[in-house]
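My questions will all concern the structure given below.
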Amino acid sequence: MNRKSFLNGAIALLATGLSTAAMAQAIPATVDQPVTITFYNYNLASAGIGAEATKKLISEFMAANPNVTVVGVPYASADASRIQADLAAGQPVDLVQTVFSDLDFAVTNFGAQALEDIVPADELAAHFEGMSPNGLKLGVLNGKTYGLAYTFSTPVLFYNADIFKAAGLDPDQPPTTWEAVKADGMIIKEKTGAQAFSAGITGPGAADWLFQGVVRSNNGEVISRDRKTLEFAEPASVEAVSMLRDLVDSGVYENLDMNGTLESMAAGNLAMYLQTSALQGALIAGSTDKYELRSSTMPSFGDKPVRPNNSGSALTIHTKDPLKQRAAWELMKFLTSKHGYTVITSEIGYLPLRTDIVDDPAYLGDWVKAHPLVQPNLKQLAVLEPWDPMPGPNYRQIVKTMMDGVEMAVFGGADVAETLKAAQEQAQALMP
Amino acid sequence: MTIEAVARPIGLAKPRLRKKTAENTGLNSAAGHVVMVLLSLVCLLPVYWMVATSLRPANATFETSLWPTSMSLDNYVYALNSIPIVRMLINTVVISSVVTVVQLFTGLLAAYAFARWRFRFDKLVYTAIALTWLVPFQVVMIPNYLLVAKMGLLDSVVALILPHFASALAVMLLAQSMRGFPKEVIEAARMDGARSWRILWEVLVPNLRGTIASLAILIFISTWNEYFWPLLLSRTPENSVIQIGIQMFMTSEGTAWGPLMAASTMASLPILIIYVVLQRQVVQSFMKSGIR
Amino acid sequence: MSEARLPLKTARPARRRSGASGISPWLYLAPAIITLVVWIYWPLVDAFRLSFYEWNMLPTSEPVAVGWSNYTKIFGLPKFWQAIRNTVLYVVGLLPLAVLIPLAIAIYTHDLPARSRNLYRAIIFVPMIIAPVVAAAVWRWLLDPGHGLVNVVIKTFGFDPVKFLSDPKVAIWTVIAITGWKLIGFSTLILSAANANINPSLIEAARMDGASKWEVIRDIRLPLLSASILFLVMMTILLGAQWSFTYINVLTGGGPLGSTTNIYHLLWDFGFSNMSVGWSSASAVILFLGFGVLAFFLFRLTDRYSFHDN
């Protein structure tokens, strides 16, 4: 690097530093006049506890902040087209519940703001206090916090203790490794005839979050750390996929569609189900009075440590208006407060980003005691890693191409290494 | 007078058909009945299952007994409490009715133009209208959304109606049946000095009742069942339609089967009742319509 | 609005049926044309243009011209040819359900007493009025391998449960059957209507000549129904892929292993779900041109082979 370009770079850096500092000062300390902000939220798009709890939190916030009116806008998380269409139509998009895999696109295209750029540093630090450091990292991209983990969860192995007993297995010793999943699965199939194991790794609607965690647990990555090269056809990943393929070939791993799996588990026909803990509510509803539902952490590859990652969403601020930014930040603070996470965890069924409220009887203490199923989920919070979003305008197509290849390799009888390699080449061509 | 005379030959066929049925007896028709009964069961079973499931209590949702062992209205209470179903139903009725009337109106006008006149580019225009049938809705969805936004109509019932002001189906079906209409009758009316506007409404329309009625039913049903456009537009449940309400019970965190079936039953009920009441007319109107 | 103006144009002694008709037809056509141009043709024309760009539609970014790359990307999708093959399968599979069975029902029920005839036809029409989303949900429920009623029945007969929606070999036929289930009533009504309108004297005459029941069907009914049959065949070929879309979307999402995806769903999946305008516009153009060309040939064929009874 020659001297001149270094100088230029330094000036540029300084300039951005200055401008962000200026912006940070521009956001008012309080909302001193009436303002309306929109909150794009996918929980509002469905009926049930998620929507009810969200509405409750919003109205509590408005009661405490009479100057702020929050307009909740429902959108389908499966496609971000509502947000994109509204931005294209010039509609105000202020605060968004962004799925983690959309984070890159939200930053580069939807104008998501880094919190460091708009919120005074001391205020930010004060709010982050008590939050799980791993949880905070989830919303960090290129070194800045664009999103604050909001409704998120980790993969857990749900299992049917009654089927375990019927197969002569000890329900207190659920499988902790993939080898054990296979061994126990074979016994379950043989002794009970029940469906042994299924997972939300592949298939329509599965996205790639769980796959990322499986590959990482075998010390692989689906994408390089600089997020330029796809690596899901590298040996570590091929090995992980081959393991899944072996589970299928041995008859342990059932290929069911997502809803089918969920209902099979809920109805008591499936012994083990690796899936996001967010499905806990639906599974509890199905198992009550029928069988004993338990949960465990994600299985590991031998003695390699489990490296689970999260599913779910973060909160991102998109507005450029300082007053609205302040209002959005206030709402964000409220939703991610001790009280906010108490509601989110106990009423919707996600994880608390604030680990200090878990044992606090004023918040989640009693609830956690009464809900042992959440334990493996909390345990994994300590080793949680981010769900990497794919970069560029074709990020969704990249995910689809990758996951199609994985599905083909696991269930389609195709050669694992070759299929993944072909898919990786195709997907790499779509990278920016 | 002339018109009735034209319509009569079709009616005349009736008595003769009745006579023929007497010949049709024996094994052949018994086997036919068995097939038809089976087919009817296949058609009705899912509808029955929807209603039966909606009436089961929450912990019996996965039961497979044909008749619910115990009944409960909990699912209905839950569904009614979590989304404004009544409001959504009213919206859907209003939208479907308006769309039906407007689409029939524009369809009648356009079809009349094709049936009555030869004009420059008439074939081309007709083909262009027919081709809109092949344009998948998803293609125009986003541009339409932007247009609606520009008009300031986001989150309004009007936006759900506007793009359906005309349809290729209505124009084509009506044009086809108008062409089949005896030209002498139109000519006669014209001789009597009737203007084109009056010929359409006083001569053609009364005689196309069958087609119009069956087309109305088709338009109403398809608008009632529309899903993707309202899904893109809906912001507040109060301004949305019943299909969106139904869809709200199917989430990525699992489907709330009981409430979903309750909401589905409530969504299907109005249309089923209308159908049962008007069933004879519906079938008859299709029999007499030019849709063939 | 037109009421005030129209009389001026049509007041002249109307002798000429055809020939110079002036502005009248255009006034009658205006509402339909304006609607279709604004809501369908304008976006379509725009799609042609945008299919050569990469753009996310946002006001903050500029469209980038990329030539044919959107098209090559789409044709290079690994599932593209699988989707084309499946599209053909959908059409082939739907034809019996949308045409053959309804035809048989229409001819059979025609000879039944009026009461049972109307009852059967009414019942067969019921699936048509059930919302597609609801139909999909109920069927998924009925077909579930574990607790679905259909599989419970299959199991009581001692067979293994069928994975109707997760077995790659079976799933596409399941989706076809459900699509057909929705359509049977509509087709039956159309064919029944056509059948009822056949002049009975023709049939009577044939009988006098000693024609058997089958000969009557083969030599008189089928030729006279050919226009309706061709109409339904054409609709099935052109719109079959669209009809199955909701069911694919709700039931299988194109899986397992892409076995139920068709061209329409594949392009939706890759083109529209994240509003990359280039992908979606190119998809739109491919769909429109593809089916347009198909429609053109089909229209030519029907013109040549349909039998006109008047």
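Per-chain numbering from 1; labels A, B and C assigned in written order.
Everything that follows uses one rule, which is that contacts are C-beta pairs under 8 Å (C-beta built on N, C-alpha and C of every residue); 3 or more make two chains touch, one makes a residue touch a chain.
Worth saying up front: this structure is predicted, and the values here are computed from it rather than measured.
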(message) Does the complex stay in one piece without chain C, or which separate groups appear?
(response) one piece
(request) Mind naming the chain pair that shares the most C-beta pairs in contact? (result) B-C
(message) Using Cα averages as centroids, what's the distance between chain A and chain C in whole Å?
(response) 39
(request) Could you put a whole-Å number on the gap between the CA centroids of chain B and chain C? (result) 15
(request) Mind pulling the residue numbers of chain C that touch at least two other chains? (result) 57, 147, 272, 275
(message) I need the residues of chain B touching at least two other chains; which ones are they?
(response) 62, 142, 250, 255
(message) Can you list every residue of chain A that touches 2 or more other chains, as numbers and ranges?
(response) 78, 81, 85, 88, 90, 205, 259, 263, 267
(message) Under the stated contact criterion, what part of chain C meets chain B in this complex?
(response) 2-3, 6-7, 10-11, 14, 17-19, 21, 24-26, 28-29, 31-33, 35-36, 38-44, 46-47, 57, 105, 108-114, 116, 118, 120-135, 137-139, 141-142, 147-149, 152, 181, 184-185, 189-194, 196-197, 199-200, 204, 227-228, 231, 238-239, 242, 246, 250, 264, 268, 272, 275, 280, 283-284, 287-288, 291-292, 295
(message) Help me check something: in the complex, which residues belonging to chain B touch chain C?
(response) 10, 13, 16-18, 20-21, 24, 29, 32-33, 36, 39-40, 42-47, 49-50, 53, 62, 64, 105-107, 109-110, 112-114, 116-119, 122, 125, 128-129, 131-136, 138-144, 147, 162-163, 165-166, 168, 171, 183, 187, 190, 195-197, 221, 224-225, 227, 243, 246-247, 250, 255, 257, 260-261, 264, 267-268, 271-272, 275, 279-280, 282-283, 286-289, 291-292
(message) If we count contacts the way the header does, which residues on chain C are in touch with chain A in the complex?
(response) 54, 56-61, 73, 76, 78-79, 140, 144-147, 163, 165-166, 168, 251-258, 269-270, 272-276, 279
(message) Considering only the defined contacts, which chain B positions touch chain A in the complex?
(response) 58-59, 62, 79, 82-83, 142, 145-146, 149-150, 154, 231-232, 234-235, 245, 248-256, 259
(request) Note which residues of chain A are touching chain B in the complex, please. (result) 45-48, 50-52, 73-74, 76-78, 81-82, 85-86, 88-91, 205, 259, 262-263, 266-267, 278-279, 281-283, 285-286, 288-290, 349
